[in-house]
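For reference, the structure is listed below as structure tokens.
Letters A, B and C name the chains as they come in the text, with residue numbers starting at 1 for each one.
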Amino acid sequence: MIMSKRDRLSGNEAIATAMRQINPDVFAMFPITPSTEIPQYFAQYVADGKVDTEFICVESEHSSLSACIGAEAAGCRAISATSSAGLAYMSEVLYVAASCRLPIVLAVACRALTGPININHDYSDSMSVRDSGFIQIYAENNQEAYDNYLQAHRIGETPDVRLPVMICEDGFITSHALENIELEDDDAVKAFVGEYKPENYLLKHENPLAVGPYGTSPFYMEARVAQAEAMKNAKRAILDVAADFEKTFGRKYGFFEEYKMEDAERALVIMGSSAGTAKAAVDELRENGEKVGLIKIRVFRPFPGEELAEALKNCKAVAVMDKSEGFSSMGGPLFAETASACVNLENIPKMIDIVYGLGGRDFTVDHTKRVFARLEKIVKTGETGPVYSHFGQRDLREEVQ
Amino acid sequence: MSDMIEIRWHGRGGQGAKTASLLLADAAFMAGQYVQSFPEYGPERSGAPITAYNRISSERCSIHSNIYYPDYVAVVDETLLESVDVTSGLKEDGAIIINSEKDPKELRPYLNGYKGRVFTIAAGHISRKHLGAYFPNTPMLAAVVAVSKCVDPEEFLKNMRESYSHKFANKPQVVEGNLKCLADAMKEVRE
Amino acid sequence: MYRKAEDILETSPWQELTTGCEIYEGGTSRLVKTGEWRSMIPSWDESKCKQCLLCTPFCPDSSIPVTDGKRSDFDFDHCKGCGICYKVCPFGAIDWKEVE
């Protein structure tokens, strides 16, 4: 085991540090709050000669990812960072990157989408592009954002995966909060991440290459099936890289974290920084002998459906916590995935969806306890009640809170 | 996490309340503690009321919500007392530390009946004396350490000397000025 | 996987496509016999041709082969019969008629 260094960094600086240690070939950037600090820190590394990355300041996020696509196809390791409207503006090219199977790594400080205009955290942005073909990995805090970033390139570059990766942190809550962190040694990181050696690339002169062809209907379906298979392969790659990460640096990761789930009758399925807050509530309720737990989803794409169903199968009631609105009128994206994951369980737990925390609306330990209290009522009465509801808004309808 | 100390900072955009919160986290980190420092973000507007937070404890804290029941409140700008409910949720066995040249007794009427301890520190005066400009956050930082003991005061001064020497390697005169600010503030904070 | 473009067919299963549909060689459009699409066809009267080569750069499908500075007859595997060469020839050396 290699010794790590104790430090204190914000999520943005943690991600920028991981980028510096990896020293990618190209960073194409356009700034947007709250991810702006990532290229800002990185620009300093470039100026200080700490990296030899080609740092390209472009005119929009559509262009920043396009530049990454060109660079990655040319054989480079290419990265970018964005948030919110920037990710939305990128969305067309996200699909290009994924379908061209270019393992770009994109850091996203997740922020609400307009409107009303808002700069604070929720997952409207990353969830809006969940079907773009990017692998999506989410972090609870700065440490996980850093660790996930260190694993991202290897996951994406795995030969039978070759997919771009989104490393998501919570805007402001994680991106701008200073916390303790264990940083790994530069050389150890470089050794872990390794060199990028694509088999084929545009600048390989002895092997001409065409990228991004037109796919007529006799080919399009086959190409999409191949891409879907690659996403299935990503599940194995994510676990392989996590296992090596644990062996090398000692911190353990999987598709999700099960927190006090062994005998849990009531559980939350939750993501990001709120999971940390909810853990404190679980601890308090456990002290009172309540059988509660939570599952913190780390990997949203590919979605670990079978594993999640297995982890939830003994629960009586589950609240899925969605920090983005899907406007489906029947729940957010995490609920849709969780419910479909559990659809073939013999005893499906009672399941509700709670849309919360939109646009930076705070979520506290007390709020978590209220959600568990609602699950308790469901277990006692056997009545699920409203399946889909919002939490934390000012509301004239008292019963929904 | 029974030893966790939660602190809320009130200031105005541009006065350094966020920086003070970062410096406090730095000082606690250097003393071997687990820290959080985070601002409550809105559009950045100079002079608008802002809030920043600290959590300091001996174990890593997984809670990432704002702080509603702080142990200590630090007010970097006295004029906020009239517009912001600075003692909201403040624990009675905690304290509020206000940047003011007034006696704490004079400010109590503005604190919505808060019954805990009230401290004032003439942070602006101290900063002008040693730094020649209005940087109230440095004396405020020291006053918060002196009152809350969230970091051992002596260790704090030692760590801050190191931190400033590193930060202002090219301007050693600033190091001494800042350290004098800290030392004076620790002595002059009054109840 | 270095699968050649000529081996990727409309009957190929997805496993036999390249990753991201990359193509690992140049000039693969030669494989597509666009000549089959013709409804009009040009013809070249060598006796009227002054070898000015104006037709060659105008051809959108590179179907007028040039060797040693002289054109030869059309590449009918790829000529789509658009008639541009017929329009630009200053010497009436190219005719353009319906395919019989």
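Worth pointing out:
Rule of thumb we're sticking to: contacts are C-beta pairs under 8 Å (C-beta built on N, C-alpha and C of every residue); 3 or more make two chains touch, one makes a residue touch a chain.
Fair warning: this is a prediction, and the values are worked out from it, not measured in the lab.
The most centrally placed chain, judged by C-alpha centroids, is A. Seen from the C-alpha centroid of chain B, the farthest chain centroid is that of C. Centre-to-centre spacing of chain A and chain B amounts to 34 Å, using the average Cα coordinate of each chain. Separating the CA-averaged centres of chain A and chain C is a span of 49 Å.
A straight line joining the Cα centres of chain B and chain C is 77 Å long. Residue ranges of chain A in contact with chain C, taken from their complex: 99-102, 162, 200, 207-213, 215, 218-219, 221-223, 225-226, 229-230. Interface residues of chain B facing chain A in the complex, by the touch rule stated above, are 22, 25-26, 29, 34-39, 41-43, 60, 62-66, 68.
Of all residues in chain C, only 2, 8, 10, 12-15, 17, 19-26, 28 touch chain A in the complex they form. Contact residues of chain A toward chain B in the complex are 8, 34, 119-120, 140-141, 170, 172-174, 176-180, 273-274, 276-277, 279-280, 360, 362-365.
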